[in-house]
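Heads up, the next two complexes both have chain A, just with different partners, chain B and then chain C.
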Partner chain A sequence: MTAVNASLHLIQAQWLNLARTPSYTLPTLLFPIMFYGFFGLLMIPGQALWLLCTFATFGVMGAALFSFGVGIATERAQGWLMLLRASPAPVGAVIAGKAFGALLFALIIAVVMSTMAAVFGGVRLATGQWLALAAVLVLGSLPFCLMGLALGLWLKPNAAPAVLNLIYLPLGFLSGLWIPTMQFPKFLQGIAEWLPPYHLAALALDVTGAKPADWAPSLIHLAVFTFAFAILTALGWKRLDGTRG
Partner chain B sequence: MKNLRIVLIVIALLIGVLLVLPKPTGSLPESPVDTPTESSAAGDADAGPVPDPAPPGRFAITNVRLFDGTRVIENAAVVVDAGRVVAAGRMMTTPIPDGTTVIDGSGRTALPGLIDAHVHSFGTAQSDALRFGVTTLLDMFRAPEDFEEQHLARASTEPTGRADLFSAGYLATAEGGHGTQYGIDVPLPAGPDRAQAWVDARLAEGSDWIKIVIEGGRAWGGRTPSLDAATVSALVEAAHRRDVLAVAHVSTRAEADLAVAAGVDGLVHLFIDEAVDPATAEDWAERGLFIVPTLPVLASALGQAGMERLAGFDDARARLSSEQRRSLGAVFPNAAQRSAQWSGVAASIPTLQAAGVRLLAGSDAPNPGTAHGLSLIDAVIRLHEAGLSPLEALRAATSAPAAVFPIGPRGCLRPGCRADLVLVAGDPSSDPTALLDIVGVWKNGAEVALGIDAAPPSDTPPADEPAAAVDLLADPSSWMASADDFMGGASEAAIEPMDGALRVTGTLREGFAFPYAGAMWSAGASIMQPVDRRGWSTLTLDVESDAELLRVMFFSGGNPQPIWLDVEPAAAIEIDLAGLTGLDLAAFQAVGVFVAEPTGAFESTIIEARFE
Partner chain C sequence: MIPPVAELTGVSHRYADVQALDEVDLRLEAGQVTALLGPNGAGKSTLIHLLLGLKPVQSGTIRLFGEQAPNARTCRSRIGTMLQASGVQDNLTVAELLALFGSFYPNPVDRDDLIEEAGLVGLENRRFGHLSGGQQQRALFALAAVGQPDWLILDEPTTGLDPAARRRLWQAVQVRRDAGASILLCTHYMDEAQRLADHVVVMNHGQVMHQGTPDEIRRRVPQDRIRVRSSLDEAAVRALPAVQHAERIEGGWALLSSNGADSVRALLVADPDASRLEVIGADLETAFLSLTETEPTSIKDAA
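What follows is the complex of A and B.
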């Protein structure tokens, strides 16, 4: 009972952390939304639905990467992770709290962007499709949480934001989240199919009817990707034992 | 745990937003209330322990790109039963009942049967349109004699080989005005006081809306009597009092302004004398005006040939009936001279679209240069070429007219919609030209025979008379004087037989779009009666005249618009009939020899006239 309570409290602490650091929360939310407003609605009219799917993918990926990547790297540097590990507190609850935060961010981004697409982009979808899009985006942010966690465990805290941006932005671009991959030169198109955000976007495009996709290959890609970062996370965790953080 | 509760409330609110985000709109209510028995009956049959052996009329198109009237769903399926769509959506979420005939639609696109928002339907129009996937015709002027039968046919979901017809019936025009030249005895509204009575008479006859002609002839270089503003306003008001639409024929900006000021719901042509400016377009959008630009007929009237659209689509060409061939090959008089005006027409389309004016696809078939069915596809392609996205152009022929005109659940492929379907190869949502590549058409859930052989025979009378050489001057009684005063012009003519020749006198005056005066020879026993003259190949004329230019007009195939040729008066004029596009020798009616220039009194003598 106490363990459960402790877990809940730790999860709650993560919430409070988010709620009380608007300097982190607001930019994370506003950045992708602003991006969609400029590129998805203003500069490229008539493609609101397609770009909703891809820019929302971009948004939830960013929220997951940064809340985990930068957060974990910083807490590792502060010795907070070591302290937690030494204490009887369930470490899993810390991770769960962060994951829950990232999922909530993903939901907010999905809802705000969907609303923008409907109001300013004239996008009309069946209720089931709006819900399916949000569900795909929220669940689809989980692999990127794991990616952020792994990177947070491996990166130096002061290098983390820069390195994450170096990974995040090209990954988004190459996956066709800003410009559809059909517009890419052939060799770049080949690259996109090996990148996880491309497959998450493909699922989002599929549920909204923008572009059909086979679910199996995309799900397998995302699963393999998740597995790879699970291993990296495990290794990173082990590495904590050997270092001073 | 107060914070947790707040978080849960936030999540609930976010999901709540998703639930109220806008859904696709269409003419159909969310639940297909008009077909509860059909759908529930089908459901019961599937749930029952004994599988239903494939019932006739139930089929599904699977793995298809589906355009449902508003949007495209890839990898979709559509299920049809008893003349209605019972399911449509993504393959994954669309159950296909056991025992359904399945048609694989891989690589193809299924669309709702197309709607032509401006036609004149007579003869074989309804079957001709159907072979090109046009399953609903919105007629803008025809006699109302068979309306009862038409209303029954369109209410039924039984298999049929004819497109559904909705119509304005008689149009409202001035005495001698546009619409009176086709030989249909049009009742005239004659003044604002009579407007309500006129409208009520149309509705009693079975008209579905009211069409008002505002046509002074100026756009076409002439003068035609037209209704005054007071009568137009009274007619619109009378129509609205009875809750029916009032639409207007216009050709100039000034006529459009008159129509809009009178409060019409829509214009059934775009005007040709100037391009629409953005401020006007926005004003019209605010008023909720819709426009059927009828780009195919305007293109033809501005000198573009209708046949060109079919280049490379031999299958589609083979589906043309003789009537479709004839109307498509016919040309408007003096059309080439107006070709410069096309750019203004084309430029108006994106302006109107950007302002939010609803644009509907319409052909105005069977006017010269257009054909039923084919020209509606041409209209969609031209809307796209003028600046609409392919999807917007497709909507203009499906959901857009269904949202404006009172035609029920047509132009859609959603549960409850009428099972009017077109299956085309390729993807018209990226290139509307793909609409010409028709694989199949279903009307009320029954497949339509695309071959012209299977279509009902045309109205062409059988070859009952030999097509030997004939001396036109042998029987003076088959000649009559003919001039544009018959069409509302001011020219006049008289004829006088003269010992094996024919003397024609008269005066040519401005007043009609293309003034003419002269003499006409009818091939059949009565005036304009069509006869089979397929043996003829040339017309030889010897005409003496003080006029500078003669115009020889050929009437055939029941087309009110003649095929014509300008010649100078000479002793041996030879006209090669095979070179006259649109001339239907199988239903030849008459030939006229007229003076076309200059205006003033003239005197001609036809010394020889012979068909061989």
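What follows is the complex of A and C.
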């Protein structure tokens, strides 16, 4: 009972914190939305649906990576994480608090981009397809939450934003989130199939009918990726015990 | 009989290059305020982190509340903590933070009582980042106390506060003590230990050097501080009997002596014009500095 109560309070605290830090929240949300507006709607007409799926994947991945990666690295340095670890709050509740912050971001990105696609891009989908897209994007951000968490536990706070960008941008590009992989040279296409954002985008493209995909290989890819970062997270969490701070 | 809140037996802890704790045996009795004193690097923080289960015990055993496992959730929910670098999310309000930390404990206190007790009346809806230093420390104390813990662990709770703010925090600590809580107080301020502690533990080099009541610790060091206006030069002052340390102050000297009476007698012979003579017996700070063999940074400020 305490665990549930603690989780709910930690989620609420995270949401309040995000709502009261517009200097962080707005750029994080606006960056992918602006990207979609420029490239998906203005520069490349006629591809509004395809690019909705890939840019929204790009957006939710970024929100998850940065809110976890930079957030945890900073909280670790400032001592907030230690105060929580010393408190009776369960570890799961502490992580859930941050995860729901990232999930809320993902939901906002999905809703805003979908609205832009419908209003300015002429995208028409069945209600079920809109909902399925939002569900794929929100749930699909979880593996990237874990990736951000693992990186946040290992990176120094001042290094975290730079390192995350160095991972985020190439990962998005190589996964065909900006330019479809069909337009890549052959060897790059091969790489894309090993990258998790490619598989999340494939699911998004499938539920909207933009490009049919086989779910099993993509789900397996995402599951293995999630598992790998779960292990890195557990190791990183254990490492906190050994540091002198 | 109430078991001690913590019982450490042969606890050692090593970082790559430093032996932070070296075979520490320590009992922290229930219902007492124990002050943990020691210079930087003495091992105090490591000790606190081990007690809180923030680090694994490398060797030795720690029993909390008579139980074996310091990491168990049941133990954590009996402990409230105030750490040095809190990093509290400063855009949450006092009330929100209290509700958050209260949710971690099975029986949180009545919020209004706690706000009153911690001197936070009228600040409930202010964001943590907008509080003054003293108000922030009191808010952090309230977060430590919100779960009605049996044991409060306070790591340098008044560092950086002005005297009035320190006194207000001391009051809050005393209220908890009077309510029956055990308190571990890690501090650099001897007057704080003198004022609040029932039991003082002096650590250095990862070991417990001395422990006892503040008076016992004080008496362990026969030492007097002498301040005097005098024209004697340094060689002459250092040649006085029992003088251990001499430092120039305006128009004279500040001295530490192992026998104030002997030093003063000789001083007055050597310089019959000496004036404004003050002799003060050892306080806890002098005793502490002497027991940890640290050079006093300045005895000018003494007394």
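Convention: the second predicted complex is superposed on the first by the 240 of 245 C-alpha atoms of A that agree within 3 Å, B and C clash if a C-alpha of one lies under 4 Å from a C-alpha of the other, contacts with A are read in each partner's own complex, and residues count from 1 in each chain.
Criterion: a residue touches a chain if its C-beta (ideal position, glycine included) is under 8 Å from a C-beta of that chain, and two chains touch if they have at least 3 such contacts.
Small disclaimer: the values here were computed from a predicted structure and weren't measured.
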item	value
Superposition on chain A - do chain B and chain C clash or fit	fit
Touching partner for A:Gly79 - first (chain B), second (chain C), both, neither	second
Chain A residues touched - chain C or chain B, whichever exceeds	C
Contacts of A:Arg124 with chain B and chain C, given as first, second, both or neither	first
Chain B versus chain C as contact partner of A:Thr115, first or second or both or neither	first
Which of chain B and chain C A:Leu107 touches, first, second, both or neither	first
Contacts of A:Pro88 with chain B and chain C, given as first, second, both or neither	second
Three-chain overlay, vertex chain A: chain B-chain C angle, C-alpha, nearest 10 degrees	170
Touched partner set for A:Ala216, first chain B, second chain C, both or neither	neither
Partner chain in contact with A:Leu10 - chain B first, chain C second, else both or neither	second
Minimum C-alpha spacing, chains overlaid - chain B and chain C, in Å	10
Set intersection of chain A contacts, chain C complex versus chain B complex	8, 12, 16
Parts of chain B lying in touch with chain A, wherever the complex brings them together	1, 3-4, 7, 10-11, 14-15, 17-19, 21-25, 70-75, 90, 389
Of all residues in chain A, those that touch chain C in their complex	2, 5-6, 8-10, 12-13, 16-17, 20-21, 75, 77-83, 85-90, 240-242, 244
Complex interface listing, chain C residues touching chain A	15, 52-56, 73, 76-77, 79, 81, 83-89, 91-92, 96, 99-101, 103-106, 127, 147
Chain B-touching residues of chain A, taken from the complex the two chains share	8, 12, 15-16, 46, 104, 107-108, 110-111, 114-115, 118, 124-127, 130-131, 134, 209, 211-212
